[in-house]
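What follows is a group of structures, each given as structure tokens.
Each of the two complexes below includes chain A, the first together with chain B, the second together with chain C.
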Partner chain A sequence: MLLIDILISGLVLGGMYALISMGLTLQYGVARIMNLAYGEFLVGAAFLAFWLYSDLGISPLAGLIVAVPLAFLANWAIYRYLLTPLVNRAKSRGQLEVDSILATFGLLFIVQGVALVAFGGQYYSYGYLSVPVSVLGTTLALNRLIAFLFAGLIGIGLYLALTRTRTGTAIRAIAINPTAASLVAIDVRTASAFAFALGGALVAAGGVLVSMFLTFNASMGVVFTMKALIVVIVGGVGNVIGALVVGLALGVIETGVTRLVDPGLTLAVTYALFMIVLLIRPQGLFGSPAR
Partner chain B sequence: MNLARAPLVALALLAALLLVGLPLVASGYVLAVAIGMLQFMVLATAWALFSGPTHYISLASAAFFGIGAYAAAMAAEIVPWPVVLMLATLGGFVIALVVGLSTLRLSGVYFVIFTFGLTELIRQLVTWYEVNVKGTMGRYLFLDIPQSAIYWQLLALAVAVLLASWLINRSRFGLAARVIGADEMVARHTGIDTTRVKIALFALSSAIMALAGAIMAPRWTYIDPTIAFNPMISFQVVIMALLGGAGALFGPLLGAVPLVLLFEILQANFPNAYSILLGAVFILIVYGLPRGVIGLVDDLRSTAPPKPAGALVVQPARDQSVLAITDLKRSFGGLNAVDGVSFEVRPGEIVGLVGPNGSGKTTVLNLISGALKPDSGGIRYMGRAIAAENPETIARYGIARTFQLVRVLPAMSVAENVAPGLAFRALPMTGADARDEAEALLARVGLHHKADLPAAELTYIDQKRLELARALALEPKLLLLDEWLAGLNPTELEEGIALIEALRLDGMSIVMVEHVMDAIHALCDRCVVMNAGRIIAEGTPRLALAEPEVVRAYLGEPDA
Partner chain C sequence: MLRTSLSRLTLAAAISALFAGQASLAQDKIRIGYAISKTGPFAGGAGVTTLPNYQLWVKDVNAAGGISVGGKKLQVEVVEYDDRSNSEEAVKAIERLATQDKVDIILPPWGTGLNLAVGPTFNRLGYPHLAVTAATDRSPEMAKRWPNSFWFLGPSKPGAVALAEVLGKLKAENKIGAKIAMVSVADAFGIELATAARVAFKSAGFELALDKTYPIGTQDMQALLKDAIATGADSFVAFSYPPDTIGITDAARVLGYNPKVFYTAVGTAFPVFKGKFGASIEGVMGVGGWNVSSPALQAYFKRHTESIGREPDRWASPVTYVSLQMLQQAIERVGKIDHSAIIRELQTGTFDTIMGKIKLADNIMPIVWWVGQWQGGEFVGLAPTSYEGAKSPLFPKPVWAN
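Our next item is the complex of A and B:
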């Protein structure tokens, strides 16, 4: 039953990727900020959850209540104070992209540096609900299952919020065309800041959930940023459903490679996937072709 | 030799002597710092060679540096040192080609993302190879290469890289890279094969980085993937090039010197907070000096005085048939923007393409110039099928265009806006000839006294003139004007009409999308009237525009 095993473990991991990528697609697709420090907030939230659980005895799921609003505020502040000057200065979308890449590249090293000073370079993990449960004949740790369920709940909530509310509609409008959105009285600035902060909150939620079953260290944020970026591009920039589907697929493919080939080659496979999609459909699997 | 420059030359010689002789006198520590400085000078200059003009940010310096270092560690036991260096350079070159071919055809973001994770990817691949194929991690280097030899190799490489950058900046290639950085679409429509230029520059820049890595390898006695592929290097290289100014030859050099010293001090005094401080310095530079130190210097200088205008140039061109379009179709999703359009343009003819907004006129121009590919139908230019060709190829054949929404290259001077067309047309022109020709073209469109202004400072009308001059630089036989006369005041309109008439007398054929009726009547031999993607009338302006269907398309049905 190796295949079912891979499929189920893969979907659980993929659920995390999907959640993280949805946040990035909000930041890049809506707020137009290419945030290279994105994964650092995942690591930050993971450490927060670790600290809450091992020092204060607060469960990671309760930790979500702390980590998510905190990340929302922190990301809002970053957009407002660090990135707004760049948005104002940019003459074109291309220039904003270059500037935001550079600024968040610097931010990456700052956040990573803080984490290194506080926690050092070693790997961390903690045992929370690591009880085996059986799903369709596959044994899975309960913490993975719960993380997956939470990721699913958050993802569905986000999807409904984007498609069923006024703010959500405004955010989707900006993803398609910020100039046109401002012409129909959408406050692009405020909505962009909101989308950026929301993206940060999602990745923090991802960090807390991931910390429940993966070992993590201060310098692994880059890899998560990388994977989220690839999922967003392959899924089509700004497309939440695309991020969801491709995120799940990536989880399954990675798990398959880990089990069947070699754990050291997962990133290589991610890259290969990226290259193949770029060759066949440069606009992403779910993106619409540019005119 | 000019006597006034003698002290300068003497100073330069002295500096060169000092640089070459440094290892003979300096202490071990000073030499180590100097080597670090040279290493980053090479890396930052190589980085700016590609990323400076094109604005494609590469975050993979560490990957290529590491490839060179690791290749050296693998090959050093087997082959002599010069061959090691060659192999390392080749390795960097080939891997950059693969990366470039898969991402540089596309928009810049894909490239950035790819390079962002490249260091980690290659590190994992090398680790996997070492563990699974070789069985052990890491390699020892027993090489008898002293510090001073490393220093001299790096110094030679630094000089070579600077020289190469200087030559490339002066060449057609450098010009092409700058146009790509300013506006990639314009670059293609002026005949530049953008993909090839980008890939070539990226591969060259990466090969240099790999060579630097190989030269530096003997400084380690033991090397493993974690040591060789240190992501911090990518970061440091970008920061240095940006501090100095990536657009100028000596910019990265200027950035490397103070920052290597700063890093040295930071690492010695705050080893724990090193990465935090580095990040902070980086952000300060991005915000405070967006164009680097060199940019700051440039801002303080005033613009050069205008030059006198050159003579008028006449370009005779007469051919049998110019353009034949048959049953051209292109749709966007469910919208048939161009739906079975056929018409012809004869030599020396001005054809007006008119019709209400959204009738598909600009799409037709985009199809002819190669910006879009037709779904079906044929486009023959001088008897040759061009429907499947790239914009740059079509531009070189001699079809030039202007854009409805002007696309000048704002950061470049007016003369530099014209230069790429001259340099990349079928019969290229560079150097002093090109300068004269550019001035003549500018004079012709009425911009002769503005050659040295940045294009961004021109008024809207002058930007339109500049676009026309840029198109004319391609020596076109067919000119596509997209509402070039829109927004001109009556005097300017008269001048514009006279200019287009003069172009026709030179033998050019012209397709003009236009709404200005006076101009259509004055200039066009024939009008093709479009509505909803189809041609609804064709003929002389007076007849075509009087057709009842045309009136209906513009003004709607009469009230019942």
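Our next item is the complex of A and C:
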């Protein structure tokens, strides 16, 4: 019974980790942009959801309809106008990574600054669907369960789209080898922009959904970037199913450690696993070996 | 041609420097500087407690004509920096305020860690250091080491003792059992409070049925609460930080966990807590509280809400404002910007503030509310019970209203 309890609450926590990580895996793995402002975009979406809910009375779930397309367009524009020059002049993947880290580091401060001016530094939190539901005898908050279901839907949907469609195959080809992809007539630039924008749309969805139960402020983006980065690297950069599985596993492990060992050790265990994976399988559990 | 214009420029610079020199002799304003965490992990606390009160105080003072120094009312002018929640930045900003901006007074940053970090700099520069949002067991030691420093939230030991006092009374009345379930955040203030509480609870005859720490930034509190529920203890105590305070309360509501005493630490007194949970926070205890029947404090709450656009927190916000009132009165009594005289006045004087007459004891604020409780939409002070306006606890905590 305790094990089922740990498994279910852990999966729900892990669903949140997966949700906030899948966008990064697309942006980093496919578009090859290590987006340091990732968490800021997540917090930005959380603020948007807060504003829609508290000022206009629009529920966060309806807010997704606004936030997701908006984030897609904004991220497409960022890639097209801010990052394309970097992509064009980069001679190697390494150089693009360094350049994109520097550029998005600057972007981080811009997004954070705008949020600070608009909302100030204090904490924000609102309650939406914070009601208990019972799943196999385990009590869960409905809002967390919804975030978990969204993570599952998005993860599986993306996996199918990437493996079963032509565009998806092209995106995977770019993730593995952009030079070879362009040789077989894949429009690398457009597909990368699409992947980056899609990643941005996913992080906005994550931000809106976690705002239903997490307390956030304008300075908290880095917390989410760090968590997402761990999940993405352990799962294999660019691998959506990897992010989903590792996110869920991380949730179960953290909950298990809390209940069975000691809550003080959750962080230590997370980072220990991160290091072990880096040592044994640097390409990530689901990643393909580096060339 | 170039030469003449250059020498004219030099002359002009010399003249303006002369006037500037005179201006500082006969001041027409008081320059107040501060470095505050506008970004980084401390921005949440600074944005709730410290910055709004600096802004409110400056507005109040200037609206009343200014600070009177030597028979003349001087308006307050502000120089503000962002310390980015970084102690090195905070130290650098304070050096800059003192040496380049040459401000008359420097106000402290937010938080225990930053105030300890800037302590030596304040001391070396000779400015009074009003360490308001600093709660540490080392405050008596610090006040001795740096006589220019003043500590307004006291050490954490009395905090634990005050909580043990409230719980001990309930136990003596046979309302609660001897078991307490305690969780604490593994970070500075959480560790200090938990350490002090272990001793205080033990000497009040309590037994810790659960004593677990969790890392800062933990995003799911349900697992922790299930352990607490399993103990069957009547009292639940969490020495938590604002995001965890909200997370723990939310999880307790969802799980239908209704211990007779429910205490969460930092953040319970924040407006966001009330805003999020509304009526269901009735009976929740936490760090802070205030004398709700004091007209001066009521007026302050009203002013803060109108001027800042939101309510103050009900712990360190009024204390921050009190520290600024004391500073103003000390300057006015001294009659000039003489740092050592102002420090002496702060050490020895009695000040008329929104929390009544305040006299520091060994540079430490005598009134620190340690246990408050939400009663009828207000966070009333419960302990130390000897304070004026201390109310008796609402017991047992009502079942969460959903």
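Simple rule for what comes next: the second predicted complex is superposed on the first by the 266 of 291 C-alpha atoms of A that agree within 3 Å, B and C clash if a C-alpha of one lies under 4 Å from a C-alpha of the other, contacts with A are read in each partner's own complex, and residues count from 1 in each chain.
One rule holds in what follows: a contact is a pair of C-beta atoms (placed from the backbone, for glycine too) under 8 Å apart; a residue touches a chain by one contact, two chains touch by 3 or more.
What you see is a predicted model, and the numbers here were worked out from it, not measured in a lab.
Novice: Just to be sure I read the superposition right, which of the two partners does A:Y126 touch: chain B = first, chain C = second, or both, or neither?
Specialist: Only chain C; A:Y126 stays clear of chain B.
Novice: For A:M275, decide between first (touching chain B), second (touching chain C), both and neither.
Specialist: After superposition on chain A, A:M275 lies in contact with chain B alone.
Novice: Which partner does A:T139 reach: the first (chain B), the second (chain C), both, or neither?
Specialist: second
Novice: Which partner chains sit in contact with A:V66 here, chain B, chain C, both or neither? Use first/second/both/neither.
Specialist: It touches nothing on chain B or chain C.
Novice: With the two structures laid over each other on chain A, which partner does A:V223 touch: chain B (first), chain C (second), both, or neither?
Specialist: Both: A:V223 reaches chain B and chain C.
Novice: For A:R259 in the superposed arrangement: first (chain B), second (chain C), both or neither?
Specialist: After superposing on A, A:R259 lies in contact with chain C but is clear of chain B.
Novice: Examine A:L116 and indicate which partner it touches, taking first as chain B and second as chain C; both and neither are also allowed.
Specialist: In the superposition, A:L116 touches chain B and chain C alike.
Novice: Between chain B and chain C, whom does A:L267 touch in the aligned arrangement: first, second, both, or neither?
Specialist: The answer is both, since A:L267 touches chain B and chain C.
Novice: Per the contact definition in the header, classify A:M34: touching chain B only (first), chain C only (second), both, or neither.
Specialist: A:M34 contacts chain B only, not chain C.
Novice: Once the two structures are superposed, pull the chain A residues common to the chain B and chain C interfaces.
Specialist: 112-113, 116, 223, 262, 264, 267
Novice: Name, in rising order, each residue of chain C that touches chain A in their complex.
Specialist: 37-41, 43-44, 46-48, 51, 85, 183, 186, 212-215, 217-220, 222-224, 226-227, 242-243, 246-247, 250-251, 253-256, 267, 270, 272, 275-277, 402
Novice: Give every residue of chain A touching chain B within the complex, in rising order.
Specialist: Spelled out, the residues of chain A in touch with chain B are 34, 36, 82, 85-86, 89, 91, 94, 97-99, 101-103, 105-114, 116-117, 222-223, 225-226, 229-230, 233, 262, 264-265, 267-268, 271, 274-275, 278-279, 282, 288, 291.
Novice: In the complex formed with chain A, which residues of chain B make contact?
Specialist: It comes out as residues 55, 57, 59, 102-103, 105-106, 108-110, 112-114, 116-117, 120-121, 124-125, 127-128, 131-132, 231, 235, 238, 242, 272-283, 286-287, 290, 332-333, 410.
Novice: Could you pull out which chain A residues touch chain C in their complex?
Specialist: By the definition above, chain A touches chain C via 5-6, 9, 12-13, 16, 112-113, 116, 120-127, 130-132, 139-141, 144, 213-215, 217-220, 223, 251, 254-255, 258-259, 262-264, 266-267.
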